[in-house]
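You will see chain A twice below: alongside chain B first, and alongside chain C after that.
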Partner chain A sequence: MSMPLLELCNISRIFTRNDGVFDKLARRLAIGRPLENLVAVDNVSMVVNRGETVGIVGESGCGKSTLGRVAVQLLAPTSGKVCFEGKDIATLPAEEARRARFKLQMVFQNPYTSLNPRRRVGETVIEAAVAHGLVAKADARDAAIEAMGRVGLKPDFIDRFPHALSGGQRQRVGIARALAVDPACVVFDEAVAALDVSIQAQILELLVELRQNSSFASVFISHDLNVVRYIADRVVILYLGRVVETASTATLFDNPHHPYSRALMAEAPQLKAQKKTFTPIVGELPSPLSPPSGCQFHPRCPHAMPRCKTDQPMLRQLGDRHFSACHLEVGQGEEGRIEEAGKRKVVQA
Partner chain B sequence: MSSSQTANNSAAGKGTKMSSLRSLFDFLRRQSIFSLLCLAIFLFLILAAISAPWITPQNPYDNAQVDFFDANLAPGTVSGDGRFVYLLGSDALGRDLYSAILYGLRTSLSISGTAALLALAIGTLAGLAAAYFKGATDMLIMRAVDIKLGFPTILVAMVIMSIFGAGYFNLVIALVLAQWPYYARTARSVALVQIGQEYIEAARCLELPVHRLILVHLLPNSLPPLLVVFTLQLAHAAAIEASLSFLGLGVSIEAPSLGLLIANGSKEILSGHSWQLIYPGLALVLLIFTVNIVGDRLRRILNPKERG
Partner chain C sequence: MAEPILSVSGLCTEVVSDERVARIVRDVSFDLYPGEILGVVGESGCGKSMMGFALLNLLDPPARVASGSVSYAGQDITKLPHEDLRGIRGNRIAMIFQDPMVSLNPVLTIGEQMMEAVLAHQNVSREEAKARTVEVLEMVGIPKPAERLKAYPHEFSGGMRQRVVIATAFLNQPDIIIADEPTTALDVTIQAQILAEVQKMAAQNGTAVIWISHDMSLLSGLADRVMVMYAGQIVESGSTASIIEQPNHPYTRALMGAIPVPGRKKLEILRGFPPNLLGEFTGCAFAPRCPVARDHCEVERPELRGTELSHARCHYPLQEGARS
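And then the complex of A and B:
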């Protein structure tokens, strides 16, 4: 297998409360509040190959965005390393590290805050390319128009300010900005979550089209399974900062193994099934400040066994590039799913 | 002002001379009469201060031109040698008050303007640096700000003036030292909000150089509240300068400012020469008031959401 483009190795990111001098002093004297650590991302490894789209799925607060920001080096990992083309970015000399980071770009969630309100669209799109010498200053305007054309923005938007644009148009500007510097990998952090459904579809189509025409790899972070299913080649499912299951999109959606994945799939809205009932996953997402012991999903899992409370399940390979972190054997718990479906029918009747 | 003018140009589309003039006219027509009036008065005061030597009948600080026998003349009196009329009267030393006010305005405006601009530049950069670099830089800058803010502005200015002595540049330095913390604190708090926004993350992601990130992205978006602080502080600087001069700690006696005129006038008020206090005071009030109104208007104009 060739070298992966981007590799995250055992990434953890812990957020600590930012204590002042007095809190620190008080803790020294053993009268202060204890330190609280929030483990946003816990020992996650993943690989992005050239030209591939990896989807990251999970509930809000499961560390999706933190993982994305670590991947593009906006946040430093507490432990673990990010390798770009096989080299650990943290150990590269400053200039090389900068070049590597420059190849990793991000499209942000909120189109209303991700554009500088005081800069015209053209400036926003082409600024970095000019600053890094990819485009000569004299050609900046033409290059901006070309970059905007790639994302379906008309040239006359070039002198507009972001406030004169709609959410979808702004998101196109954000995409054009990321692509204008010829990135190797783009992280889309909930890139369509803030948009209307019809605009979402347009942006998704644009992304699919862009991916067909260009070679960049992408990481697509979303809480929306249908969106990820549409766009991703491979899917990683996160729960409370840990990977619970990862597989190619087809495998995962046809044959999910982890009970959490199954629960997510079962509850995703579908047009065909005309589902009228909705059974949410039991319970709430536990506080990441005090995560459950063992398998973090066990308080909500319909198949929880005694050992789930004590042993943290490791990722096990189930098939070709299909990994799952669950103690259940393949096929085990399937009958539960059928039973539940049966119950649901009774309720409907 | 330049950024509001570029906005006008862009509104007109093509940047030809004719259309930019017309768009400037259109732009002015959209403003309220009151703010336009204040702008006019403010500009008039600046213009009058600059052209004082050419539009006043005497240089009030050239003893050769001042006639001591014309002391305490009421407004409208013709001078002893019959060369000109004391429009606003004369003071206890026989100086023409109209000339003295314009010369005083010149001193006051240049000192407070220079000081406010310098304090704006220094304070803003310090505040932005504190917000962006965090950690020790932040700690150092903001504790310096806190220490300064622990003392009353006028006290700090007085201490500095008594150490360095009276004089034009010492006054500017005293005002800058007294005022930069207000800008630093505002700049830091505004910048902290901006840094949390995703466009700053995007700029970091695009590996833009730090100076570009701070000056091109952070600064323009942090500027509107700072402009409001600037106008307040400009007016405040004029007031402090007047107070210091009033207390005898301002500029030297040879080049007096509005504050010194007010100080002199206040000694004469019980003698019934009220014009010696009223007219310099009125000039100071007019200056401070119009600066505030113009600044408030500027703030709204500079907000891109209120542009067309």
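And then the complex of A and C:
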């Protein structure tokens, strides 16, 4: 296989509470609270190939946004390396690292806060491309109109301010800005979460179309399994900063192995003419400040065994590019799914 | 069928500014029955939230109920004086708002504000009120609720706060719960937990629920009946199963076509925007965006056609049987 476009190797990112001067002093004198470490991303490796869309799924606080930010170099990993076209970005000479960084772009979740309210749409879209010398200053206006055209924004939007745009139009501006520099990989961090279903459909179809016409790879971060299933070629499921399962979209949704993946799928709303009895996962998402021992999902897992409390399961290969971090054998614990199906009842009309 | 617990008739609301009048909710009528979960679906700005507010007479100037009635227990809520409304709001009819940070008082502990809601409406001791508070917090999955009563809202995560707001609505075992997109900001796992509780309340206590959402896939698993709103009007209403399997209004079909469901290769895209609500529509409000509109639709306003429980506002409904 050819060299992956973007490779994250054993990435960990730990956040430490930013203490005030008194806490620091107290700790020096050994009377204060010990420092608390929050492991947002714990030893995650993933690969993005050229032209591919990888979905990252998980609950709030599972580290999916942190991972996305590490991937585009907005955050430095605490350990591990990010390789772009086979080269570790951290060890590249400054000029080359800059070029690599700018091949990696991001589209943010909230289209209301990620645009500068005092800057006209055209400037927002084209500023980066001009600053990096991709577009001559004299051609900036034409280039902005072209970049906006690619995402379906009319040329007369160029002199408007973000407040005059709807949510869907703003998200298009965010996408146009990311694509204007001809990126190799774009990270979409919950890019459609804040939008109405009808606008969400417009943006998803736009992404599908853009991907066909240009060859950028993408990482699509979302908590919505239906959206990820629609857009991604491959899916990574995170729980408390660790990868619990990853596979091609078809394999993962047809044949999920990890109990957490199965539980997530059972809970996702589906458009069915059948009333559903919602069966929540028992218990609470544990605090990432004090994660459970062994398999982090064991306190909530319906199939937990004694060894799950002590042994952390490693990612195990189950099939072609299908990995799962669970002690269960393939086929074990499947009864849960049949039970779930039996709980659905037909609505009496 | 039993007697409706809430009966809404010809409800219209408007917002007046600079001598211009925006008519946000236009002639909405429906009945709500005990134990029923009624879903209200539509895009942002279709008037679904304002309708929810109007049901409890919660509109503040410049917004107001212009005409119509909301009858509950033989009284018209839109005409009741404030003292009488206090006995109903939060007690017999509870509302769950979208943003938990706005609905909770930041300077009171969770326990204080929740117990206040019990003590205001029920003649019970503080101990009993506390026990009830702990009980409902447990229902929505707050771990160790008795210890968390002393916590302030800022000590809770967004999802936990929203669960507190939802638990508060459960406190007095209301007859009706009006929920305005309360789970939009929550994870699917927590959403499932709350939906499970709501279903249980409706089935066991006969609580009627009005669940406002923009997501038809969520309502499909939850609601018994669905009303689709567009430009302040009900454009279609019927049992959830019939709406999903045989939608009559092109807008309903477009809303569902936009949802990424397994196996769908292309999402349906609804072009354009909902209409300006300042003026009157000459024809069908949806005609400019409608994929199957004909000349006639631009001229004549369609009326709701069908039975009381299943109807659509369309000149050319999609199902054969509904055409006249």
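Keep in mind that, in the parts below, the second predicted complex is superposed on the first by the 335 of 349 C-alpha atoms of A that agree within 3 Å, B and C clash if a C-alpha of one lies under 4 Å from a C-alpha of the other, contacts with A are read in each partner's own complex, and residues count from 1 in each chain.
Assume contacts are C-beta pairs under 8 Å (C-beta built on N, C-alpha and C of every residue); 3 or more make two chains touch, one makes a residue touch a chain.
This structure is a prediction, so every number in the text was calculated from the model and none was measured.
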So, after the overlay on chain A, do chain B and chain C clash or fit? They fit
Now for A:D196: first (chain B), second (chain C), both, or neither, which partner does it touch? second
Could you say whether A:L225 touches chain B, chain C, both of them, or neither, answering first, second, both or neither? second
Going by the contact rule set out at the top, does A:F253 touch chain B (first), chain C (second), both, or neither? second
For A:S290, decide between first (touching chain B), second (touching chain C), both and neither. neither
Using the superposed model, give me the angle at chain A's CA centre between the CA centres of chain B and chain C, as a multiple of 10 °. 80
Between chain B and chain C, more extensive residue contact with chain A: C
First, second, both or neither for A:N213, with chain B first and chain C second: neither
Now for A:Q317: first (chain B), second (chain C), both, or neither, which partner does it touch? neither
Compute the least Cα distance separating chain B from chain C in the superposition and give it as a whole number of Å. 16
After superposition on chain A, the chain A residues reached by both chain B and chain C are none
Quick one: which bits of chain C touch chain A in the complex? Just the residue numbers, please. 43-44, 141, 143, 157-159, 187-193, 195-196, 199, 214-218, 220-222, 224, 239-242, 244-245, 254-262, 264, 266-270, 273
Please name which positions on chain B make contact with chain A in the complex. 10, 197-199, 201-209, 212, 216-217, 220-221, 304-305, 307
For chain A, which residues are in contact with chain B within the complex? 69, 72, 74, 98, 101-102, 104-106, 108-110, 113-119, 127-128, 131-132, 159, 161, 163, 174, 177, 181
If we count contacts the way the header does, which residues on chain A are in touch with chain C in the complex? 59-60, 166-167, 196-198, 200-202, 204-205, 223-227, 229-231, 253, 263-264, 267-281, 283-285, 347, 349
